[in-house]
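Sharing a structure here in structure tokens format.
Just so it is clear, A, B, C, D and E label the chains in written order, and each chain counts residues from 1 on its own.
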Amino acid sequence: MSYIELKDITKSYHAGNNILEQINLTIEKGEFFVLVGPSGSGKSTLLRMIAGLEDITDGVLKMNEKVVNHLQPKDRNLSMVFQNYALYPHLSVEQNILFGLKAKKVSKAEQQKRLKETAEMMGLSELLDRKPRQLSGGQRQRVALARSVVSEAPLCLMDEPLSNLDAKLRAQMRVEIRRLQKQLGLTLIYVTHDQVEAMTMGDRIMVLNDGEIQQVGKPITLYNEPANLFVASFIGSPKMNMGKTEIKDVSNFLVNKTLSFSADVRMQKAFQVHKNIIAGIRPEHIQPAIHQEATHSLEVIHVEQLGNETSLALDVGGELWTAKWPGQWDITAGNQLEVYISTEHLSFFDAQTEALIRPASFSGHGEVQAI
Amino acid sequence: SNDAEGSSEATETEDGKQIVTFWHAMGGASQEALDKIVASYNESQDEVEVRAEFQGTYDEALTKFHSVAGTDSAPTMIQVFEIGTMSMVNSGHIEPIQKFIDEDGYDMGHLEENIVNYYKIDDQFYSMPFNSSTPVMFYNKDAFEEAGLDPENPPQTFEEVEAASKAIVESNPEMKGFALQAYGWLFEQLLANQGALLLNEDNGRSGVATEIGFTEEQGKSIFEWVERMNTDGTFANYGTNGDNMLAGFLAEDVSMFLQSSANSRDLIDNAPFEVGVAFLPHPENVEREGVVIGGASLWMSEGKEEAEQKAAWDFMKYLQSPEIQAQWHTDTGYFAINPAAYEEELAVEMHEENPQLKVTVEQLQATNPSYATQGAVMDMIPEERKIIETALESVFNGGDVDTTYQTAIEQLNAAIETANKARGE
Amino acid sequence: MRIPFGRKIVTYLLLIAAAFLVFTPTMMAVVMSFMTNQDIMTGSLPSAFSLDNYRRAFEQFPLLHYVINSFLVSIAIMIGQLILASLAAYAFVFLEFKGRDFLFYLFIATMMVPFEASIIPNFHTIRDLGWIDQYTGLTIPFFAMAFGTFLLRQNFKQIPKELREASQIAGMGDVKFYLKVVLPVAKTSLITLGVYGFLTSWNMYLWPLLATTNDNVRTVQIGLRQLQSQEQMNDWGVIMAGAVIVIIPTLILLFLGQKKLQRGLTEGALK
Amino acid sequence: MTNMTAVITQEDQALFVRTKRKQRYKQFIKGILFLLPSIALFSVFLFYPLLRTIYLSFFLTDASGATTVFVGWDNFVTLFQSTIFQQSIKSTFLFVLYTVPLTIVISLFLAIIANEKLKGIGFFRTIFSSTMGISVAAASVFWLYLFHPTIGFLNIIMDTFGLEKVGWLTDPSWALIAVAVTTIWMNIGFTFLILLGGLQSIDKYLYESADVDGAGYFYKLRRITIPMLSPTLFFVVTVTIINAFQTFGQVDILTQGGPQNATNLMVYSIYREAFTNYQFGSASAQAIILFIIILLMTIIQFKLGERKVHYQ
Amino acid sequence: MSYIELKDITKSYHAGNNILEQINLTIEKGEFFVLVGPSGSGKSTLLRMIAGLEDITDGVLKMNEKVVNHLQPKDRNLSMVFQNYALYPHLSVEQNILFGLKAKKVSKAEQQKRLKETAEMMGLSELLDRKPRQLSGGQRQRVALARSVVSEAPLCLMDEPLSNLDAKLRAQMRVEIRRLQKQLGLTLIYVTHDQVEAMTMGDRIMVLNDGEIQQVGKPITLYNEPANLFVASFIGSPKMNMGKTEIKDVSNFLVNKTLSFSADVRMQKAFQVHKNIIAGIRPEHIQPAIHQEATHSLEVIHVEQLGNETSLALDVGGELWTAKWPGQWDITAGNQLEVYISTEHLSFFDAQTEALIRPASFSGHGEVQAI
């Protein structure tokens, strides 16, 4: 049952300069829908249009099968977390949280009950009497979140609701939001630029760039089969390494004029169809040559210790590629490093259209991919 | 600086004419008439240039004069209403006109007697009379006719006014009979018409007044008169606003009212009916005494250069001339202070056309010279007027005459006392 | 955000009704200024259209001269007030020093002194300074303005403190911050205050009457006052014509200022 | 981190104190410099007259305003015994009561309906603020005519509806109301403009957030608009009260304090006492009393009001 | 050479309620110093005190060996990125960026040069004419960042400067800031709650909690040898798994009443000294039993695919522990999972004092830790 339906939705602030271009999209009831895209790509704008805060320049917005283009925000029965919190500066935290409930004339007892629950969940119990200006950035964000949560509206729109929280709290919130969403059967549209949030929370992700939809799909699909170069480089952190690909001879091809791989039949065909091809490989797929034999040897430019993993900047034909290895590796910059790169793990894109030609094959899930 | 040009600091124009600054309080149509006269004077000779400058109401102009008196900003001459006379005399910053009369050997004998009576204090002229008026009763001749009253024989007494009012209202319920503006000046005149003094010490002319000079009967008669008409439902209340009353008269909302003769021209010209002008009424049981002259006179500043004062004196004399007075009289309805003006062709023509204008003159000439009609002099008269006006309004609005009267008398006496004390002599 | 149709209609109805009520007196004056005295006095609808009243109003006082004077005086006062009030308001909001609150309340207290009550001593002051009949006498006494200081203080208080902090770090002194940030950010209030200052100066009548003795530096309101007479019959047509002449420049200014005001008012906030 | 001594040395301490003092001094000088032009002019044109007024209030004066007799508190005593003055105070308070709340409510109403983003709204805003551009003299003339008993628009309307004509300016029970109506009309323009400015500077996100929360029109008005507008409202209320206490021009032109002193508001009374009666001593005493009344009102307003006001 | 020195710095807004408690700290010239801590712990406050925007309640702040407690912000020669941007609403992006330079009377040519460089670096070149209100959240943040960067002040304070940027842009910015800092020899104090930023950018990290310093040290030290339970759970994402530890018999101990491990001599001693001990293990150290033999078998409660890694929620004696395995694993929730947990990887903390007793041993860096 499609709950929200966008048909050819377009938005422009000034005629002739579209911020959003022909957005077509359906979101199911109870779905957790994540919206990602670079800064300025129109995520907030789209959210605000769904909320009814921004006029729809063109196109049809349906909710529950009904056209709602003309409906007031308050008649759309939704709640929203604003990117800039939009707290009422003159009201205390408690009053901020209860604002909507009072407006909807929810009973006092129910108000207090929900307030207590929500404040506890968000760790705000001690701050209920403060005014927003007496709160830290993260505390403010939690109030904004609480305000949305407490409303229990069937549709929730959240614009980067966790961006100002620390990792620990964020992890906790992630779980809470997800739990709540499931429990109440909420439909949630969630803007984020946190990779982990996007991958773990969303039932589906939509990638927006420059006002145009790049791809919509399950998180893992977007990761494994990015529809184009943009998605490939946007999803996944560190980003996918990319390199121009040239055919050296019938069965071999070169990436970035440096890495040589053997080409199978399917690939040879591909090279015939597409003139310029770009190969991409995810950082975790440039693996240490431990369990496999080394395929290439690369110079280490820079090493970063992240604690649970080590990030290596490698020189590939003059370009910097990143490899990410789990655990802590004592590798010195400047050394040559033996690595193993499987052709399987290469994705190929058409350099002109930027579209995916062949995704990396994950040869049947369930097998260990990279250890 | 450039801005200062033409202010009272410069006493001569670029082409060497003596400048005379003349402050006045004539607004509206009167200002037009005055400006015309000033222009004609400036054209009539090439020694003097009079600059007439409006300074607000009589009150404001006087206050302002007091504030700048003795400084360079003070004008050469200023127009002050009659009741400001005493305060001007007391100010110590004026040059009594008598000095110029004596020096020049000028004869003031051509002036209207009442005017002389008013402005001659301690046997000398402090100021030069200029614009004088008296109150008269205006009435609607057409309405009189309709009500079966004789339009050529207007009511003379309070009682006759009442009766006429009743007749008017009976014949036309839309029209009220009589209106009295709550204006202290009119009250003073109605007192004088009964031969009553406003202040003791012969209206302050034999010595400094210490309290009011009228009896309870004299004072109350006016209040009671109004009250009676009020109960009859023949009285129209226009409060203190003269203009509203005039408009009411013109719109035939009221058939009779009292007002300064200065309005005659305007009324006669604008009324869609025949306007009658009559003498001020008086209570039946007393003889008519007559009226006090109103309006204003011109004062000379002290401490100005002799040439300047001389020039101003020349202008004052010019204003006295019959031609000018005739013009002033016909343009405004103020008297000609110089009766010779009535012989002027302009005036004659006007009187022929509008015989009503003559009534005002006749009334003045029918006045008995006495302390009562000579008019009161004291520096608290403006305050007296306010007190009386409040009392009148109170009666208009159905207030009790006795208490209203008592309150007013107390306030008047207190004001006199304070004024005497404030002089600090 | 779109406004629902029903509310739009209701709002328009309210707007029209309110506009009608608010504007009736002014409209009426404009209509009357073109009516003959006869029509006015009989309270009838205009039967003829005449410019006579205007002609007579222009004849009675040097109107153009008055208007120019009014402009000079009002603009001088406006600028003086803006400068002094914004300086003072800046001190009250952004500078912390001892006695600040006391001074602020002292400023507020000055608003309590009715101008008419101090008009005589002030008149004596400008008399002694030789400012009678000078533009200085007409303008300088009004430069300091507690009201404006108060208005701007309320507005400056809304400027986020981070802006001050950011510029402190950038090494910007108070004068620069005042000029470069506070004034532009508070543009709207400055315009509002400027319009207010201009209009109140334009509308003054007691003081200009007192502080001037001749037509050279007199302002237009005095002309309007001269049209009304004390006890003689008012010529309503001419008075209304005078009144219309007097209000036209201010209404035009307001009309022009309005657009600017609107634009200024929508300047964004912090985050 | 070894040689970290947690104590502040004496030198440091002295340095802090010295620089703190220097900074405070510098701030003070800076503050005074910013305020200097205003203070100087206030001193000459407000404080000096005020002192002069206080001085005068203990004297009787002659017509030119020069003091003649020292009377101590007499002027005050006389005033408090005077029924005219009592009436004047009463009228003034009544006048404030009539004008202030209505001015605010009407202007707020206008500001709110003119705050919508509609076509042609600029036109309405101009109309609503127009009375600001109409001088006291002009406005009073307009209303003088409207209140005219015979040819006035109001009475003509009354007449057409078959109602009794009203003596707007002559009936003591109506006159104050008539002056109040004029004043409200005159004040609407400016108050409207200020309130509109206040409304427009409220962060639009707050409304969006409330919209999403399902708040209705009046709920938003009560819970967001009014509280967020409170600094502006506070300002407007203060100024309107002060202005109401200082009303002069309308009275001067419409009623001259009458009928029966019903509209003899304090400033007019002061003006009359000085300009007509030449009692500068008594006028000064009245001015002092008025000053104290306004001062008290404002202090009360600040004490009660500013706490409720929300500043960003 | 210690550049910034904090001695017993204390801050309270209301007497008796200290927001910051006796902070002692030295920061070296040219150091990249990262400040982390949960929301509301006092990070912004500390930064603002260093900037001179907030009075120091107590203690001494030195810069360049000189006491600066009393100095005005402008005399401290620093730049700052505010958490809420603090852009001048009336100025265009360009004017905002140049604001400080103009104040400092930098030459026109130099201004333009720096503007061009910075705008390019921040991707703002196209937006120079816009007003802040016409920018998206991330764009505003970049302007704030640009304003600080362009000033080239020797000390930079940044309060969550990248929190509103998407991962890709953030990665790019991370590199740029780091490069700039090195190139100009800036001293940078940087507040963040991003794990990756903290680990990769900082020379040292300080963890703040509730106004008190928890630990200061190199990123990797904090990760490997967290001084106490707080740091252990705060640094690292997903957070370290913790469990109460009991001695079963002389050579064995139980974690969470479920996981049994053998105890060596050192540990036996520890159990004698400390009454209650908590063991911690990082998610990446609960490894698939592929290259090693399984040590334990745990029930899988929940599986999250992050694309480059898989996050598993496991039941450990009624508590949820997280394991994180690189790559994509097709594991079904509800199944038993064989895992390998090495005693080596356990950290031990005193439950009372919360202090570290023994860190997980990383048996000599340079060896592969987890493949």
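As a working rule, contacts are C-beta pairs under 8 Å (C-beta built on N, C-alpha and C of every residue); 3 or more make two chains touch, one makes a residue touch a chain.
Source: prediction; values computed, not measured.
Q: Return the chains common to the contact lists of chain B and chain D.
A: Touching chain B and chain D alike, sorted by label: C.
Q: Going only through chains that touch each other, how many steps at minimum separate chain D from chain E?
A: Shortest path length, in steps: 1.
Q: Quote the value, from 0 to 180 degrees and to the nearest 5, of the angle by which the CA atoms of chain A must be rotated to coincide with those of chain E.
A: Chain A sits rotated relative to chain E by 180 degrees.
Q: Determine which two chains are connected by the greatest number of contacting C-beta pairs.
A: Chains joined by the most C-beta contact pairs: C-D.
Q: For chain B and chain C, let me know how many angstrom lie between their CA-based centres, rounded off.
A: Between these chains, centre-to-centre, one finds 38 Å.
Q: When the C-alpha atoms of chain C and chain D are each averaged to a single point, how far apart are the two points in Å?
A: Taking the average C-alpha coordinate of chain C and of chain D, the gap between them is 15 Å.
Q: Just give me the whole-number Å value for how far the CA centre of chain C lies from that of chain E.
A: Chain centroid spacing, chain C to chain E, equals 57 Å.
Q: Between chain A and chain E, tell me the centre distance in angstrom, where each centre is the average of that chain's C-alpha atoms.
A: Averaging C-alpha atoms per chain gives centres 22 Å apart.
Q: Would you give the residues of chain B that are in contact with at least 2 other chains, written as numbers and ranges?
A: 60, 67, 247, 251
Q: Among the residues of chain E, pick out those that touch two or more other chains and give their numbers.
A: 72, 84
Q: Could you list the positions in chain C whose residues touch two or more of the other chains?
A: 1, 41-43, 120, 124, 160, 225, 228, 269, 271
Q: In their complex, what parts of chain D are in touch with chain A?
A: 203, 205-206, 208-216, 219, 223-224, 227-228, 230, 310, 312
Q: What part of chain D is in contact with chain B in the complex they form?
A: Per the touch definition, chain D meets chain B at residues 60-65, 68-69, 78, 83-84, 148-151, 167, 169-172, 255-261, 272, 274-279, 281-282.
Q: Hey, which residues of chain B end up touching chain C in the complex?
A: On the chain B side, the touching residues are 1, 3-8, 21, 23, 25, 27-32, 51, 53-58, 60, 64, 67-68, 71, 73, 75, 183, 242-243, 246-247, 250-251, 259-260, 262-263, 266-267, 270, 272.
Q: For chain C, which residues are in contact with chain B within the complex?
A: My answer: residues 37, 41-43, 59-60, 120, 123-124, 127, 132-135, 209-210, 213-217, 222, 225-235.
Q: Please give the residue numbers of chain D that touch chain C in the complex, ascending.
A: The touching residues are 24, 27-28, 30-32, 34-35, 37-42, 44-50, 52-53, 65, 109-110, 113-114, 116-118, 121-122, 124-139, 141-143, 145-146, 150-151, 153, 156, 185, 188, 190, 193-194, 196-197, 200-201, 203, 208, 211, 217, 231-232, 234-235, 238-239, 242, 245-246, 248-249, 253, 266-267, 270-271, 274, 280, 283-284, 286-287, 290-291, 294-295, 298, 302, 311-312.
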